[in-house]
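Think of it as A, B, C, D and E in the order they're written, each chain with its own count starting at 1.
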Amino acid sequence: MATTGQEEFTLDTAAELAAEEGGAKAIQGKSPWAIAGRRLRRNYVALSFLGVFVLVVVCCLLAPLYASHVSHLGENDTNSGGVVTVHGQPVHVISQGGTKIVNGQPKIVFGGIPIGPQWGAAGGQYILGADELGRDIGTRLLFGGRNSLFIGVTAAAISTALSVILALLAGYFGGLVDWVISRFFDLIWAFPVVLLGIALGTALSVNGFHHGFHLFGVFIGLNLSGSSLWITILVIAFVFIPYIGRPLRGQVLALRNREFVEAATAQGAGSVRIMFTELLPNIASSVLVLFTLIIANAILTEVGLSFLGAGVRLPNPSWGTMIGEGSDKLSTAPGLSLFPGIAIAITVLAINVFGDGLRDALDPRAKIRIEHG
Amino acid sequence: MAERLLEVNDLKVRFATEDGIVQAVSGISFELERGKVLGIVGESGSGKSVTAMTLMGLTRGVNAAFEGEVLYKGTDLLEVSDRDMQEYRGNELGMIFQDPMTSLNPVYRIGEQIVEAIQAHERVDKRTARARTIELLRQVGIPNPDTRVDNFPHEFSGGMRQRAMIAMALSCNPSILIADEPTTALDVTIQAQIVELVSRLKDDFNSAVIFITHDLGVIADIADEIIVMYAGRVVERGSKRDVFYDPQMPYTWGLLGSIPRLDRPRPERLHTIEGSPPSLINLPDGCKFRPRCPHAFEKCKAEPGLENRVETPGHFDRCWLDVEFKRSHRDETISGGSAEAA
Amino acid sequence: GSGGGGGGKTGTTSGTTPNGQRTFPVLKAVWATTDYMDPGLSYRLASWQLFQDVYIGLVVKAHVSCQTSNCTKIEPGLATTTGTVTDGGKDYKFTLRKGMKYSNGETVKASDFKHTIVRDFNMNSPGIGFFGNIVGSDACEANPTKCKDISGIITDDGAGTVEIKLKKPESDFEFVLSIPFTSVVPSSTPNKDTENPPPAGNGPYYIASYNPSKSFVVKRNPNWKKHEIPAIPDGNPDEIKAVMTDDQAQSAQLVASGQDDYDENLLPTDQLSHYKSKFGDQIRFFTTPSTYYFFMNFRLAPFDNLKARQAVNYAVDRQQLVNLRGGLGVPTYNFLPPSYPQYKKITPNPYPYNLQKAKQLVKQSGTAGQTVTVYTISDVAVDLSTGEYLQGQLKKIGYNAKLKAIAGANYFTIVGNQATKAQIGFTDWFEDYPYPSDWFNVLQNGDRITKVHNNNYGNVDVKSLNTQMNKLASLPPNQALSASTNAKWAAIDRDLMVKYASSVPYLNGILTSFFSTRMNVDCDIYDDNNDDVAQFCTK
Amino acid sequence: MGAYIIRRIFGMLLVLVAVSLIVYLIFIVIPGGDPAQRIAGRTATPANIASIRHKLGLDKHGFTGFFIQWFSLVKQLFTAKLVSYANQTNVVSQIKQGLPATFSLSIGAGIIWMGFGVLVGTISAVKAGRISDRLITAFALIGISLPVAWLGLILRYFLAGERGSPSWFPDGGYVPLTSNPWQWFYHLLLPWFTLAVLFIGFYGRVLRSNILDTINEDFVRTAKAKGLTSRRILVKHVLRASLIPIVTLFGLDFASVLGGGAIITESVYNLHGVGWYAAQSIQSEDLPPLMGVTLYGAMFIVVFTLIVDLAYAYLDPRIRLS
Amino acid sequence: MTVLEQASESGSAALLEVRHVKKYFPIRKGLLQREVARVHAVDDVSFAVREGETLGLVGESGCGKSTLGRTVVRLLEPTAGEIIFQGTPIQSLGTRRLRPLRREMQMVFQDPYASLNPRKRVGTIVSDPMRIHDLGSRAEQKRRVAEILETVGLSPEHYNRFPHEFSGGQRQRIGIARALALRPKLIIADEPVSALDVSIQSQMLNLLDELQKEFQLTFVFIAHDLGVVRHVSDRIAVMYLGKIVELSPAEELYTRPIMPYTEALLSAVPIPDPDLAEKRERIVLEGDVPSPINPPSGCRFHPRCRYATDVCRQIEPPLADYGNGHLAACHHPLNVDKATLEQVGVSERHSPAEADQSALPQDTSGRSNPAVAPDTRSR
């Protein structure tokens, strides 16, 4: 009966809105989605963070342009012996070290310190500095972002899709099916996320994953080389299954006893029809919210895995590997891990804020537990 | 004349929602005296609960606005601060809600919850409070109250929970007991028990009762005075006999006629009130019942005031129709086809 | 023998070294973690550094600095001499010093030597590969855990003599006898990893306790008599207490903050200049007898092609790889490290950095565009970057280069397995003992290629040079170190690296020693691959 | 109740068996990870390797070989005889040695994140819509958006260590509580907060929305109608109900951290706990320690799941265990 | 004469026959999830519904009305018994064989909020049944939906709206439209008006009435409001704790309740007439309905029955015919004259040796049915 009372929603704002919307008539014939959309449209914070996320995605998609027109270095182009012109002066991309003979005594000259952020001083090169092999951090950041986002979104999508199917099966059929699927969830759940992720990531990255069978000459299965991004994606997708599957199963279980499902059964609808046309639309908003949450978490998990060397394989850049690679050069080249870290924080924050707004608009009670420790 | 406990003058309550402003209650007035039962009837959404909760100060919030007066023994409760309102709640005004399943905190024992209510207003130790709780439970008819006091709400049946709610509401001897549809969720047999209990306890505790329901049958049993609400307004108000035997508002006729009654022969067709209650955001002009009223005429485009239009004092209605016209036409609505069937 | 002799002469732990009063009570150190604290099992620098003052073999390497003196010299250890060699280099005879005792009070017996070698076999020690030339070792090699006796080792506890018979002469056998796998432990030591406490010591110190990957405590051997073995200093610290960590930053900070005195780990390359400017001479740098190189597989395309191998040599800018280590390295084109008497710098520079030329060679070889997978170690940042560097360069000269990073613990097993078909990759070699056969014969000899566990990762196989190496490795000790032999080794080095471009050596490593301000760095003797902790002194 | 617990324990054992089987499965697909070769070292002879293979039962192939090897691993683990392939240290004793650091980290961080989480959640719910709520929500959101590895690195870099910046905190490492309580505390402060930040943000947000949901419950309205003070309503009725789901979360998160789940924090700060041990073993692809750590971690999660369920039944009397 | 015989005797064929149907819900516990107890939700119920009639089903909350309804349309699997629909036993038909029969029997649900999928448009909700059974083309389906919407009093413009945009009464109309979409013969309506306001409720009751006439529908009408049931039903079955305790032609139940439970139920119905309410004597039943897990022995109503005697505690009374198709299960039938009683022979047939004198009808001749006004009694 009472509204949630979360918003500071005074009489004035309500009157304004009502006028704006043309009163209650305006909502006639609008789907729950449209109404959620209307709520979302009013949430300027969420929308602006969605804008931030879109901006990040667009920037990352433009990475090849950046590489060819601005930095003139590809994502994996090393340039360790190179020299760039900064303010007309030639500067080594990597400071040169070694032993020099000084007064007949060998003396160590420390080197290997990559050039720092140039902010345009080097004519578009090394805007954010170089890494220890002279690669352009800016370029790698954009390409790394592509990989990180791709991993996050794809892993979340796969995980969500699998979980939805499992949750529907478990919740709808109950009994033995539910028992088996729930135990499967329990089992993955019983593993510490990071540990399972790393174990799988490490194991698969050595020689890849090559399992499947041939059917009439067509290969059905997975054939992934050890350095494939898909390994990271599948690992992350796998470990998150119970985190989405469990809450969804609960929802399906609750929905399953709703009268409209009984009504469909009474009309003679089959299980598949009920699962996909009656139940699925009703968990769809939770799925959407969980999906955004899982994207954020998948991106963070990628960082954890890559940091521990079980994620994206070098030399492919990803924000996680970049942080890991830069971790022991913080004092001479802090940008190496600082920039990707900031990029992740902004991206994940944007997803989280937008996800929050989405949840407020759709208002399912989505709760999810994930560790990254 | 008995002590006047409560006087509500032109109370208006509005809520801001995202769909617009809800005029939940628009100008409701009544008085209540000790020992009396005021029945409020009306359809779902007519503002019964909002009225009741506003009396208790439970509708306050950033999205609510109030107008009018709620004078309790002379104090305007709308002006009382939230903190001071705590003294009135439970102590002066007790309340029972519709759904006994959710109105009790599931994680505390029944006894604890009643003891808490007692201790909120009186400086008594646990033991005394508990003894009183057991006594209260006995009074509301819970068997073995000394063991039942330690049960959790889910171990009680619906009827017993509602009894426990009543015990809780009465624990501090409030002058007014507000019962918001206390029987709606219960079976007829249990409903009868609860109605009987409330009217008995009203006398035992010497309090006044505001009894909200949408069931005219229940109210015929218990109320002294009746308010009929429609679209946030009082459309008819009068003594029980006035409202049942001399209803002035076509809406009241409709209500009476829509009930398939056991005390009358089965009609071919039930009377119906066509259409559905108006949205409280976009109220129609004039008489709010006009769109559904079979007798509406030109004058109804202006809203009638709540006035005494009949000879009986204290019987008010909001209808432009001529009293004589009403008296001659209402029976076909109220008794429906029964006349022809007989 | 009973040999309890003059144990009571000094009897105290306080003492002096030839340099005067330098003993001090406790050395607190930060150490790298190691695999085992057992001379029969451990194969890591971190523990070998300790063992040189704890577990003594028949002979020992000189405890002198390689930077200033000839550190490849072998000196008598438990034995009174470096051994009497007869039978054309096939028979070694040693006589033990009298009255030596282990830290646990047991007497050092001649039979302990044989027991030590048998124990190595029984424990499947990584050291047993060194014993294949001893007469009667075949059965033990075939079934190490069942090994009971080796007929080629004849000991006499009464006379205190040890005689070792070899199947054929072996140039480096004296050196083999100086590595910890042959360091003598008491016969009572069980044939398994003892973990804590480690086996009793027979040097000036013993390891009192060991908590794997956490800490250890080393104390003076109460049964050690002053100057008992001339080649081994008695040691300054009375006790060494070490915590173990592989976190370079943390370990440096512990010393910088004065909590500990000595940082056994490498300084974090990232912070070299910071530490250097702040702590100046408390940090010392030592070039070690080590070579970092890329192997190239002779058996697999494209590196079965000489031009391709040469191209890689041209394409690797040694200076950049030194940079990757923060400057801690000396660029090299030789396989042998410079501290060896057999070393002869290859001049002029055979492969000046020249990408153009490299590209050309690749084109000429007809291998351009082939897919090449670079193997490297994943969990050491520098090694990973090195691999990335090589991959980048290979790409630049026209290969479709991929990178495969493998955990360090597994890396050599994997690339050493022919089934892996590793084409090219990172590797490095720190000497077991200072003789070229430990380099060429192990790493570059075609006759030593095995199916698994191959140390010749590149399957380098040059028939003529194989013969030459085999010959030079089977000399009696008196010829093994002669000038002409040295020159022949140097020639092999040159031929392999220049004529056959068998590998891409790029640098000799530099390691750091970091001392707290209370330590006197002048006492620091960097011998072989390690500081000699026993000789540390305070200011 | 008793039967319920027995049934649950039985189920837990099954889960553990399955977990061990999965870990084993994951690691036998590592082709290069032949433990025999690894144990034998760099100069091993084929015979040497063969004998090690035999000892480990690796010479048995096929289906039975698979189970024999798996069974022998698990058996060795439970008899505390399992040793690492990389350096032959005893897995159980290594895990035991990691316990003080891991427990110190988890318990401290747990207290911090629970305390702050509840505080943050309650404040922002009570002040819902106001500036303080917005600020807290913003911080909470930022908190859950920071990668732990990065946060740890940055904190360690800026606040600890010998890098020119003032070193306010020690640069990683663990000092046992028994040897120096102050140093123990001092060394753990940064790791505690690093680990707790994410959870504080997360718990705060969950609690906030729980509270806002609960406030609209009928029984809260009843409590108001009784005339209770708003503080009492908040604490006794609202918080009590809102905390129930948090307790579940906490139980599972805490279990996973206790079980060595704080791998990244322990690695970044070089705390030699169970998580660090796991990270080390993973990097060296060392099956036995991983088997040990995973089972150890799974055990905590499984046990705490049971504890959470029991606590839940206690906190919410409607739930009957069966 | 049994219920079933009664149905066939009365001439018109039974559309639905329910024979000794039981539905128990197991309660599982312990290590192996053993079944430790059962909820006797429906316990040996038999009745028949003739084509075109409306059978009302009343009883208190939890007495098994919905369970019975759901079991009949095979939303729940019966634990035992037979369900014969149009002469076909359907209690063990598989999903596939059941599907064509589903066209013939539909269900209307109580909760207008829960019974419509909130994510579907009204048009889809109503046309779904046709799609499931592949009836007609898209266009035809659409046309039919418009038709049906009109029939139930909604306008075709509502086709594209969502359920949340409708009031409770309108939603219930949608639910009815959905049930009608397949032109079923039998509709099981499970408290279709309980959640509605009186003014809307009467609209609904009238609508159902019209529809029944228009489409020759047969109804099983479940409700707990005796007034509502009386208004719609031809015959009424009263349920108590999983059993039918009385089954009677509609009016007769109100004028001549035989079972004391029915009597009490009737007397508890509030009457919207202050004078009548004051006058009439109420039988307030003590206590609550006992748990269906351990139903009381003998007559299930005995703990709350004011006429209960020993025989009630020990022996379960069978459903006996008191003439005129009026059946009741009681040891102490009310409103029955001696002749009928003798004819039924309750005491001989159903009281064993220990049956005492008290197992005779109470003398209630002097007391009128308190719920019913005098004028209707004469009818």
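Quick note on the criterion: a residue touches a chain if its C-beta (ideal position, glycine included) is under 8 Å from a C-beta of that chain, and two chains touch if they have at least 3 such contacts.
Keep in mind it's a predicted model, so treat the numbers as computed, not measured.
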- Suppose you hop from subunit B to any chain it touches, then on again the same way; how many hops at least until you reach subunit C? 2
- Which one of the chains is closest to the middle, using the mean of its C-alpha atoms? D
- Query: Measuring between mean CA coordinates, which chain is farthest from subunit B?
  - Reply: C
- Query: Is the C-beta contact count larger for A-E or for A-C?
  - Reply: A-C
- Item | Distance from the mean Cα position of subunit E to that of subunit B, given in whole angstrom | 31
- Query: Between subunit B and subunit D, what is the separation of their C-alpha centroids in Å?
  - Reply: 54
- Averaging only over C-alpha atoms, locate the centres of subunit A and subunit D and give their separation in whole Å. 22
- Task: Determine the centre-to-centre distance between subunit C and subunit E, using the mean Cα coordinates as centres, and give it in whole Å.
- Result: 92
- Item | For subunit A, residues contacting two or more additional chains | 2, 5, 8, 27, 202, 206, 309, 330-331
- Scan subunit D for residues touching two or more other chains and write them down. 30, 32-33, 129, 163-164, 283, 285
- Message: Could you pull out the residues of subunit E that touch at least 2 other chains?
- Response: none
- Touch list for subunit A against partner subunit C, complex: 76-78, 80-81, 94-99, 106, 108-112, 132-133, 202, 206, 226-227, 309, 313-315, 325, 328-333
- Task: Would you tell me which residues of subunit E are touching subunit A in their complex?
- Result: 70, 73, 75, 95, 98-100, 102-103, 105-107, 109-111, 114-121, 128-129, 132-133, 160-162, 164-165, 175, 178, 182
- Item | Of all residues in subunit D, those that touch subunit C in their complex | 30, 32-34, 37-49, 51-52, 55, 86-90, 94, 97, 161-164, 167, 170-173, 270, 272, 283-286
- Quick one: in the complex, what on subunit B touches subunit D? 53, 56, 58, 62, 82-83, 86-91, 94-95, 97, 99, 102-107, 116-117, 120-121, 152, 154, 165, 168-169, 172
- subunit A contact footprint on subunit D (complex, rising order): 15-16, 18-19, 22-23, 26-27, 29-33, 128-130, 141-142, 144-150, 153-154, 157, 163-164, 195, 198, 202, 206, 209, 212-213, 215-216, 245, 249, 252-253, 256-257, 259-265, 267, 275, 278-279, 282-283, 285, 290, 293-294, 297-298, 301-302, 305
